[in-house]
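Worksheet for the structure shown next.
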Amino acid sequence: MALVVKLSGRIFNDEALVLRYAKVLSERQERIGVVVGGGDIARRYIAVARRGGASPTFQDLLGIQASRLNALLLVSLVSDACPRVPASLEEFLDAWRRCRVVIAGGFQPGQSTATVAALVAEAVGASVLANAASVDAIYTDDPRRNPEAKRLPELKYDELEKLVRSSPAPGGYELVDPWSIAILRRSCISLYVFDGRRPEYLLAVMRGENPGSRVVC
Amino acid sequence: MALVVKLSGRIFNDEALVLRYAKVLSERQERIGVVVGGGDIARRYIAVARRGGASPTFQDLLGIQASRLNALLLVSLVSDACPRVPASLEEFLDAWRRCRVVIAGGFQPGQSTATVAALVAEAVGASVLANAASVDAIYTDDPRRNPEAKRLPELKYDELEKLVRSSPAPGGYELVDPWSIAILRRSCISLYVFDGRRPEYLLAVMRGENPGSRVVC
Amino acid sequence: MALVVKLSGRIFNDEALVLRYAKVLSERQERIGVVVGGGDIARRYIAVARRGGASPTFQDLLGIQASRLNALLLVSLVSDACPRVPASLEEFLDAWRRCRVVIAGGFQPGQSTATVAALVAEAVGASVLANAASVDAIYTDDPRRNPEAKRLPELKYDELEKLVRSSPAPGGYELVDPWSIAILRRSCISLYVFDGRRPEYLLAVMRGENPGSRVVC
Amino acid sequence: MALVVKLSGRIFNDEALVLRYAKVLSERQERIGVVVGGGDIARRYIAVARRGGASPTFQDLLGIQASRLNALLLVSLVSDACPRVPASLEEFLDAWRRCRVVIAGGFQPGQSTATVAALVAEAVGASVLANAASVDAIYTDDPRRNPEAKRLPELKYDELEKLVRSSPAPGGYELVDPWSIAILRRSCISLYVFDGRRPEYLLAVMRGENPGSRVVC
Amino acid sequence: MALVVKLSGRIFNDEALVLRYAKVLSERQERIGVVVGGGDIARRYIAVARRGGASPTFQDLLGIQASRLNALLLVSLVSDACPRVPASLEEFLDAWRRCRVVIAGGFQPGQSTATVAALVAEAVGASVLANAASVDAIYTDDPRRNPEAKRLPELKYDELEKLVRSSPAPGGYELVDPWSIAILRRSCISLYVFDGRRPEYLLAVMRGENPGSRVVC
Amino acid sequence: MALVVKLSGRIFNDEALVLRYAKVLSERQERIGVVVGGGDIARRYIAVARRGGASPTFQDLLGIQASRLNALLLVSLVSDACPRVPASLEEFLDAWRRCRVVIAGGFQPGQSTATVAALVAEAVGASVLANAASVDAIYTDDPRRNPEAKRLPELKYDELEKLVRSSPAPGGYELVDPWSIAILRRSCISLYVFDGRRPEYLLAVMRGENPGSRVVC
C-alpha cells in the first residue's frame, strides 16, 4: 500500500532531522511518495525578491525552486529514491512507475505544497497522507496565540473545513488549505498531522497509530 | 498594456462564436494572454472516465487535455498567436516574450482554468482580467435557481469572497474559486465578468466599459 | 510476444465501446501497444479550423491533439497503462521499457495514425498489427458505395497496395495508406482488419483467428 | 515572403559546397527554412546497423540523427540561424518565430526529409520549395539508367504523381515521395528541382527563374 | 557588444548587494549574460549531503540547484531578464536570441560555474568576462594566508595558468580553473577580476577600466 | 557491480570492431554504462566548421552531436540498451534506473567524453572505468613521437596527473584530462587503459586482468 508524506520545510532547518528522515525513508520497504516544503530558504529568498519589487509570480517560483532544492537534498540521502525531482504531477506519476520512493517539491505557482501532497496522494492511490508539520496537531485555534485552543485528535473534513474557513487568512499557504481539503475529502484519504520534529511519529503513523491529529472523511 | 482574457469552455460549443473571438483577438494590436476552459468536451470525457472508474487525477488530466485542444483551435485561428499551447506558467512566460498573443488551457490537476487565468494575469502584469463567462454577470445567488438573485455590477473582492464562501459547492471549478480571488486581490487586478456569448463585450471591456460585473480590490 | 492494436477514432464516439476495450486491455497479460485515431472530435475541430482559414498544418495538429485526448481517456481506464501519452516514436520506445501497455495517438503532421501504428509495430518487434477499423474487412472496393465489392479474407501486401493505388483518394488518411503498407511489408508484420465495434474480435485475433481480413507479406 | 529549401544530403559530402551554401543563406535577407538530408553519413551508419541486425526503426533513427548532424554543421556556419536544430514541426514553428533562418534534419521514423521539407513549407506558408537535389531536374525516367528519359522543365503535380506511381520503388525515400506530393499539392506550393551542386541555382530560384524543373498545382 | 558577468555565490549572502547588482543590470542597455555561483547555500546543502553519505554526483547536483536558485532570484529582480534559468549551453543560446539579459547557474556536474561563465562568454561572442569575485584581484599567492603575496593588475593567460598549476588544489572549484583558462585563452576573451562586494566596479569594467586584475591572451 | 566503459571514437572507424563490441555488451549480464567518443566523423565536421569560421562553441556541439550518432549506432546493436541516448548526467541516471546498458556520447561543450565517462562512473557507483583507447597503454611520453617512452602497467593518479601536467597540450581533449583524473581520484575509481582495437581486452578487464595500464588512487 502506498503512503504519501508531506515534510514541512522547517524540517530542513535542522540537518540532523533531515538525516533521520532520510534514514527512515531508506529503511522501509513500502512505496512512499514525499512532498517537501520550502522552509526558511524559501522565506528568505522570497523576502529579498519582495523587497526588490519582484512580482508574486516570481515569489512563488522562488518558493518552488527552494522546495526542490530541499527535495534534491533528500533524494541524495535516500536509497531507492528517483534521481530527478519531478516538476509536475505527470512527471511524478512517470517516476512512480520505476522508483520505490519519489520526492517532489512544489509544482506550479498558486499551489501550496500541501495541495501538491494531496494531489500526489490521490494520484498514487494512497489511503493516508502523513503530514510531518510545524505544529504537533490540529487545534481549534492557533495554540501559539490562543492558550484556550483545544487540541483535536480526531476530526472530519467537514469540521476541518469550517476551522479553515473561519481563520483570518484565507488562501494562505498554511498546513492545510481549502484546496487540499477538497482533494483529500473527494478521494477519502485520511490525513495524519503530527510534530515534524519527531521522525519516529512517521513510523507510528505507518503502524496505524495517531501521534497527533487524524482527519477522516 | 497587457490584457488577459478567460474564455469559458462553453464558447467552444458554438463554432461561429469561436470564429468571432478569433477575429477580435486577431484584429487588436494589444498584447493579450488567453486562457480557455474545457467545456462540453471536457465534461464528456471526464464522465466516461468516471463511469469506467478512473481516478480524479486522470479526470483532471482529461479536463486539462480538452482545454488544450480548445486552446489549439484558437491558436490555429488567431494571427500572431504563439504556435504551441504552454503547459505551465514558466512556459507561458517564455512564450509571452516572443508572441503578441499567447493561448493556454489548464496547467495542473487541482487547479481550475479560472485560477490559471488569475495566475497568468499576475505573471504578465495585467491590470485587467476579462472573464467571458457562461453567466452574464455576478449575482448574489445563482439566478437560474433563485429568481430573487440580484445582479451586482460593481463589487469588491471582499464581497465576492463572502459570496463564494457561502455557496454550497466549495472547491468546485466555478466561475471564480477562492484561489483565483486570492491571487487577483493580492495583485489588485480588476476582474470583468460578462456574457461569453457576446464577443463585442470583450471590445467593450477593452474600452474601459463594464458590460457585466466589475470586481476591484 | 508483443501485439500492437490500432483503434479507429470512431470507437470513441461510443462510450460503452471504449469501456469494453479498456476492459479487454486491462485483463490481458500480454504487452500491448495501442494507437488510437482522432475520430469525430478530430473531424469537428478540423472543420472549424478549416472554416476559419487555419493552415493544413494546424488542421493536422488539431487531429493529433484530439487523438491524444482519446489516448488519454483510454490510459485513464486501463490498469498497467503508461500514464503519459507518448508524442514521438522515441518516447513510445522509452515508455515501452517500463509499462505493459503503452497508448499513443498521432505523432507528427503528415503522418496518419495508421502509419504511426505500423511504425510502433515495427519498433516494438510485433508480428501482428490488429486494426479495429471502421469497416469490417478489406474489400475490392468501398462496400458502402459499390454493392459489387468483394470481401477479401486473406491477401498479400502486393495486392493491398494495388487496391490502395487504384483508389481515388491517394494520400488521404484511410484505413491503410501506402506508407503504412510499405512499413508493414518491409518488416513482414501481419495486418488483421476487423470490425472495431466488436472488441471480442480483438480477443479472436489474439487467439490467432481472423475475424475480418488478414494481410501477409 | 518565406522560402523553404531542401538540401540533398549529398551536398554534405563536399565541404566546399557546404560553405558556399552557408554563404548564400547568410547573405540573403529573406526568411528561409532549410531541411537537409542525411547523405553518405546516414547511409554508412544505416549499413552498419543493418549488418548488425538493427531494426528498421533504429535504421531510420540513425538516418535522422545523421541529418541533424548535417543540419547543425550548417547552423554553425549561417549567421542568423537558430542555434538548435528543431526535432519536430512544433519545434520548427517555435524557432521560426524568432530566427530569420531555421535549419532542420529529419523529424520522425517513416518520414523522409522530402516530406519534412513539404510539411515545413506548408507550415510557414511558403509558396516555393526549392529542392537542391542529387539530380539536375525531373525526368520521365531515371536518366542514369534510361538514356531515353526526357527532361521535364515544367509539370503539374498530377503528372509528377503518375511518374512516381509508375516507378518501381514505392515507399522509398526518393527525391519526391507520394506523401510530399500530396502535401505540396494540397497547399499549392511550387516545387523547384535543380542540381544541388550549383548553389547559384538557388539564387536563380529566388529570382523566379527555373534552373531545372518546376512543378505546379 | 555583449558582456558576460560571473557573480560569486558569496554575493548572495548579502541581500542589499544582490539588489544593487539587480539595479545595475536593469539599468544598462547592453546585452549581458550572467552566471552566478552557489555560495553559502550550496556549501551548506553539500555539507549535509556529504555527512549523510551522498555521492559526489549528488553533491555537485545540489551545488548546481543552489546556483540556479540564486540565478532565479536575480531573474526576479532584473527587468528584461529571460524568465527561465537555462540548464545547458544550448538553452542559454536559445534564450540569448530573445532576451537582453540571460541569467544562469551551473550546467553539469564536474563543471564549475567559472567554466560555465567562460563557455557562455565564448558562445555569445563576448570579448570580456567580468568576474565579480570573492577576492579583489589575482595575487601571486593566496593573500589571506601569505602576506607576501603580490597583487597582479595585468597578466597573460600563460602566467595565470602557471599560477593555477602551482596551486595546491588542482581540480578544485576556485576563481579560475584550468578549464576556464583554456576556454578564455582559445577565444582570446579578456578576464577582469574584481571585488564582488563593489557593484560599481562592474560599471567601471563596462567603461574599460580595470578595478582589479585583467588577464589577456 | 556496475562497470563503465569508455570507447574511443576511433573504434567507430572500423565497422567490424563496432559489431564486436556490440556483441560483447549484448552477451554480458552486468550493468554497463558506456560513453563513446566522436572519432573521425567529429573531427571531419569540426574541421569544416572551423574552416567556415564557426565558433568553438559550435565546434564542440558538433563533436557532441557526432559522438551521439556513434552512441545511437551502438544502441541499435546492443540488446537491453536504453533506446535514447542521454544528453546529460541527470538523463543518464534516469535511464540507468530502467536499462541494463546505457550508452551516451558527450554532454556539454567544454567537457571531454573522457570527463563524461568519469562522471558517469562516479554517478553509478562503478569501481572501474575501462578505457578502450586509441593507445594500448599509458606511457611516460607519446610513444609515437618518443621511442624512449616507457610503458606504465600500474600507476597512481598522482603520477598520472604529473604526466598530464607536463604534457604540452593542457586543456586538450586527450585520453585523460586533469578534470577526469580529479573525478576518478576523488571517488577512488580504478582506470584501465587498453588497446581499443581488442574487444577481448574488455572481457579481460571484466575478469580483473590488466591488459594495458591500471591507475589506482
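A, B, C, D, E and F are the chain letters, set down in written order, and residue numbers restart from 1 in every chain.
What we mean here is this: a residue touches a chain if its C-beta (ideal position, glycine included) is under 8 Å from a C-beta of that chain, and two chains touch if they have at least 3 such contacts.
Quick caveat, the model's predicted, so the values are computed rather than measured.
K.L.:
Repeat of A-C among E-F, B-C or C-F, where over half of the residue-numbered contact pairs coincide, is which pair?
P.N.:
Comparing each option in E-F, B-C or C-F with A-C, the repeat is C-F.
K.L.:
Please flag the chain sitting at the greatest distance from chain B, going by CA centroids.
P.N.:
That would be chain F.
K.L.:
If I superpose the C-alpha trace of chain B onto chain F, what rotation angle comes out, expressed in steps of 5 degrees from 0 to 180?
P.N.:
Between chain B and chain F the superposing rotation measures out at 180 degrees.
K.L.:
Approximately how many whole Å separate the CA-defined centres of chain D and chain E?
P.N.:
Taking the mean C-alpha position of each chain, the two centres sit 43 Å apart.
K.L.:
If you average the Cα atoms of chain A and of chain E to get two centres, how far apart are those centres in Å?
P.N.:
35
K.L.:
Between chain A and chain D, what's the gap in Å when you average each chain's C-alpha atoms?
P.N.:
Chain centres of chain A and chain D, defined by C-alpha means, are spaced 54 Å apart.
K.L.:
Residues touching two or more other chains, restricted to chain D: which are they?
P.N.:
Within chain D, residues 55, 61, 90, 93, 98 contact more than one other chain.
K.L.:
Determine which chains touch and list them pairwise.
P.N.:
A-B, A-C, A-E, A-F, B-C, B-D, B-E, C-D, C-F, D-E, D-F, E-F
K.L.:
Any idea which chain A residues touch chain C in the complex?
P.N.:
90, 93-94, 97-98
K.L.:
Would you pull the chain D residues touching chain E in the complex into a rising list?
P.N.:
Chain D residues touching chain E: 82-84, 98-99.
K.L.:
Can you check the complex and tell me which residues of chain D touch chain F?
P.N.:
That would be residues 15, 18-19, 22, 41, 45, 47-49, 51-55, 58-59, 61-62, 65-66, 68-69, 72-73, 75-77 of chain D.
K.L.:
Taking the complex as given, what residues does chain B use to touch chain A?
P.N.:
That would be residues 55-57, 61, 88-90, 93, 107-111, 115, 118-119, 122-123, 125, 161, 165, 170-171, 178-179, 181-183, 186-187 of chain B.
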